[in-house]
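Listed below are the structures to be examined.
You will see chain A twice below: alongside chain B first, and alongside chain C after that.
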Partner chain A sequence: MIKVNGLWHSYSKDNIYAVKNVTFGVEKGEIFGFLGPSGAGKSTTQGILTGLLPLQKGEVYVGGYDLKKPCDDMFNIIGVSFEQPNVYGKLTAVENLEFFARLYDVPVNDPMHLLKMVGLENDAKKKASEFSKGMKQRLVFARSMLNNPEIWFLDEPTAGLDPATAGRIKEIIRDRNKKGTTIFLTTHNMYVADELCDRVAFINDGEIVLIDSPRNLKLKYGDRLVEVEYREEGELIKETFSITDDNERQKLTRLIASGNIETMHTKEATLEEIFIKVTGRGLK
Partner chain B sequence: MLKRIVAIAARDLKSGMRDFMVVYIIIAPILLAYVLSLFVPSAGAATLQFAVDKKLGNDIVDYLSQLGNVEVMKDADSIKNRVMQSDDVVGITKDGTKYEIILEGNETENTDIVTKQILMHFEGAGSELPVEIKFSDIGWRISPLAQYGAITLVIMTTVLGGMMISFGIVEEKQSGTIGAVYASPVGRIEFVTGKSILGFIIPIAQSIAVMMIFRFTDVNFAMLLLVILCSSLIGILIGFVIGVIANDQISAVSSMKMTFLPAAASVIGAILLPSRWLPVLYWSPFYWTFAAINDLILKRETWANTLTYCGAILLLTLFAFLLFKKRIKTGLA
Partner chain C sequence: MKLWALVVKDIKLSAKSNYTYIVLVFVIVFVVVAVFFVPDEFTNDPEVFVHAGTEGLLSGKIEKALDVDEVVFYGSRDEVISNMKKDRTSIGVDITTENGKMVIEFITQGYESERLKKILEAHVMGWAALETGYEPNSYVTVLESNNPDIPANKGMLPVFLVMESAFMGFFMIAAYVFQDKEEGTIKAYAVTPAKIWQYLLSKVLVFVLFGWVSGLLATIIIMGPGIRYLQFMLLLTSASIFGSMLGLIAAGLFTSFTKAMNVIFVVAFVLGITVIPYYMPSFSPVYIRILPTYPLLFAFREVLFPTGNTVLVYTNVLGYLAASAVLFYIANKLFEKKLV
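Moving on, here comes the complex of A and B:
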């Protein structure tokens, strides 16, 4: 659904590139995470994919549309949820959605239904300027579903939301993905990416440094260790065992059999740890 | 395409109606026209105005038309109603064989005597009156306040239409909604056209209201419409330029104030400069708008002249557009 080949972009149109030779593909029905710290080139890449930035160098196909020859029809099959809560403050929530609904050439979802999905049905007739940042964020998210997009670009969809609302949003994303929507998720939140994505790409200084499924990355870069807390003669002991070493594995088996274990955690690496390991910098 | 253009214009209007500043922009020229029209009677005294009973016949109407404006009324009651309005109008009817002059009572001094003298003159009778009456024509057929007030306000409406556009663009920029619109099937041309529509509609509606308030109800409205449509283009261009430059509504207002300077200079210059100096105003599209509406109000318009004025406005606007095209394109990206 998305094909990017040798993408370069320079804002100053010189040799200073925000995106350098980026190449990747996203299959139909996949949730593809684009992970990187601020300034890594995530937004630039998404800006080009969504037609908001011009394609300077490279090949980009979105839903079969060649972005070298921009076509307004492409926007009927994509949805974009911005990180910035960009809504019309003087219009109500429902008026915001009704306005955007009139811009599409394809059947659109009922604005009230979308507001209900994101928990804004009771605020539908309130001006968006009176909304909190989280409410505006949900309105932007609802707006991006108006045209039932085949390809859905989500930029930090859960940023600034409380855990319950963030959970609801993640549920909607999973649900739409199950129905076949391809999702391009831009985030620096490794937990969201880990939870939702089939594959993730790490971007750093404008270059993609890794692409794989979160599971494969964790297996490849994580230590195969188990951390255990157990009691022995009244004392709480914390110990780490390698599950690749025969002796340590046998010791762990004996410990499990003793029934003294209080907590036990596998020590696979988080996506953030992998990112730091690969790039030498954090995701924030 | 049309659906999207209309949606963008309707959204701008809806959003604008919830903004005090925009509402003020919409009603200001109309209010100003109304206030100015209240002063028109005294200024209008430069011209005689008659409301004549239809039964008096065409001869007297033709005679009075040489001296001032004449409105033919169907009966005495209509004349009374007309006389009661805010401007200075002398009602004339006949009671049997005698002329009856109907006045409100607050007219300019000696209005009754002047009217009597005119009527006696018409009937060919001599007169012996305690005042000396001399008829002269200094060229004013209508109140100069109404004439120049209307032209100034019509020009002002075209600039105010642009102001609404600049507010709309500033709002889009501040809220970041311009990106959301571009991430929909709206093309750049549709966006610009949608944003421009109010820049045409508002000045047209305001200008017609202004002309009505000043009682210029018999101007050639087809030509007026053409002139306003052409003049609105410069307002729209100014609106887009200021919209992309200004970061907030206050700075948009400040920038817009600057555009009132050439507009005001063109109007004042057109009124005060002797004709040999008028070419110094040819660079200004506002001058050509002034000339076109002035001709319409003075009833000396021709299609050839109007098209020439409109051509000049369009040419100058095109030149300004080419000058700012890149800045607008970058600003709206």
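Moving on, here comes the complex of A and C:
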């Protein structure tokens, strides 16, 4: 559904690039995560893919549309949720959605229904300028679903939301994905990426460092560890064993045989730890 | 109809905007000032500057007869005129004798009302006949011959209309687009299948509507129903469109109002300076006459106070529409290239 080949972008049109030689593809029905620290070039990439930024160098196809020849028709099949809560402050929530709904050539969702989905049904008639940041964020999210997009671009959809609301948003994302929507999700939140994405791309300093499924990444880069609490001569001892190391594995086996274990957890590396391992820097 | 959705939205937004109220207040203040504060003629008797180029007995009689506060005597006709140019509310009278007959020349500024001139003439002529026993000849000389008879308060109307249509359109449309840029809603629009020209045209239409409401309101109140409203609407519309187009260009060139501020003020100043030659035709250098608001002022004056120069009106209408078409094309290109 999305094909990006050798994408470069410079805001200053010189040799300072915000995005460098980015190449990836997103299959139909996939949730693809774009994970990287602030300033890595995530929003820039999304901007180019959604036609907001000009395509300077490289090939980009979105839903079969070549971004070199921009075509308004593409916007009937994509939905874009922005990082910035960009709504008309002077209009009410429902007026905001009603206005945008009229700009599509395809059947659209009922604005009230969408507001209900994101928990804004009671604030539908409130001016958006009176909304909190999280409420505006949800309004932007709801707006991106107006045209039932086949390809859905989400830039930090859960940033700044409380856990319950964030959970609700994630639920909607999973739900639509099950119905076949392809999702390009930009975030620097590794938990969100881990929970939702079929595959993630690590992006750092404008470059994609690696692309794989969260599970494979953990298998490949994370030490697989087991954390054990056991009693020895009345004392509680906590110890971590690597199951990739032969010695430690044998020690663990002996310990299990002794029957003194009180608790036992497998401990896998987080995406953040892997990111640090690969790039030498954190996600923050 | 995407364009209709846009127009409805833009009207809703402007109905909730402070700018709109500023414009409305401006209209009301202007109308109130024009109707109540600026007299439609000089209610204070204007000063009359007199040169009596007669001799002997007659001269004495004139001075005695005209011994009132408003009359100032000067030694020559030239002096009368040069002083009239300093005091634009004054009126001149030059009295001479020719072949034994008294000749009275009335020198006017050009913008006195017909009524005032009649009163003055009747007054002076009556006096002359009565006091001197002469039956004088008289004629009128107008200092600024291209000043038609326009009462001061109505004479302000073309200036107001240019401000209201071209100027307001320019300022407000730029302000509104910059607000969309700031809020980021222009990005949200850009990822819908609607077109840029629709976005831009909607704004223009809304400000044309604005121009109509405020321009018509003021004009109907001040001029009444008796003017050529078809010509008036054509001119008002084309001027509003033109002003809006300039605003779109300014909004397309910059990313925020702050960055565009300097340019906007320079443009506003340059366009506004044409008011000077409108009021003082003796100062009308070429570099001011080529500014687009210069012909516009005179075209509005022609519509409101016709002198028969209808061509001027229609050339303006066509000129502004043609220029607007070009500017609209450029604005589209600007926004296509750099929407956010």
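Following the convention adopted for this analysis, the second predicted complex is superposed on the first by the 260 of 284 C-alpha atoms of A that agree within 3 Å, B and C clash if a C-alpha of one lies under 4 Å from a C-alpha of the other, contacts with A are read in each partner's own complex, and residues count from 1 in each chain.
Just so it is clear, contacts are C-beta pairs under 8 Å (C-beta built on N, C-alpha and C of every residue); 3 or more make two chains touch, one makes a residue touch a chain.
Bear in mind that the values here come from a model prediction, so they are computed numbers and not experimental data.
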Message: So in the superposed three-chain picture, is A:N76 touching just chain B, just chain C, both, or none of them (first/second/both/neither)?
response: both
Task: With the two complexes superposed on chain A, say which partner A:T45 touches: chain B (first), chain C (second), both, or neither.
output: neither
- prompt: Where does A:T187 make contact in the superposed view: on chain B (first), on chain C (second), on both, or on neither?
  reply: neither
Query: Once the shared chain is lined up, is A:T158 touching chain B (first), chain C (second), both, or neither of them?
result: neither
- prompt: So, A:Q137: does it touch chain B (first), chain C (second), both, or neither?
  reply: neither
Message: If we overlay the two complexes on their shared chain A, which of chain B and chain C does A:F100 touch? Say first, second, both or neither.
response: both
- request: Would you please give the residues of chain A that touch chain B in one complex and also touch chain C in the other complex?
  value: 50-52, 72-73, 75-76, 78, 80, 82, 84, 86-91, 95, 99-100, 102-105, 140, 143
Statement: Residue positions on chain A within touch of chain C in the complex are 50-54, 72-76, 78, 80, 82, 84-91, 95, 99-100, 102-105, 140, 143
Query: Okay, in this complex, where on chain C does chain A touch?
result: 1-2, 5, 8-9, 12-13, 16-17, 183-185, 187-195, 337, 339-340
Statement: Residue set of chain B touching chain A in the complex reads 3-4, 7, 11, 14-15, 18-19, 171, 175-177, 179-187
- prompt: Which residues, counting only chain A, touch chain B once they are in their complex?
  reply: 50-52, 72-73, 75-76, 78, 80, 82, 84, 86-91, 95, 99-100, 102-105, 127, 140, 143
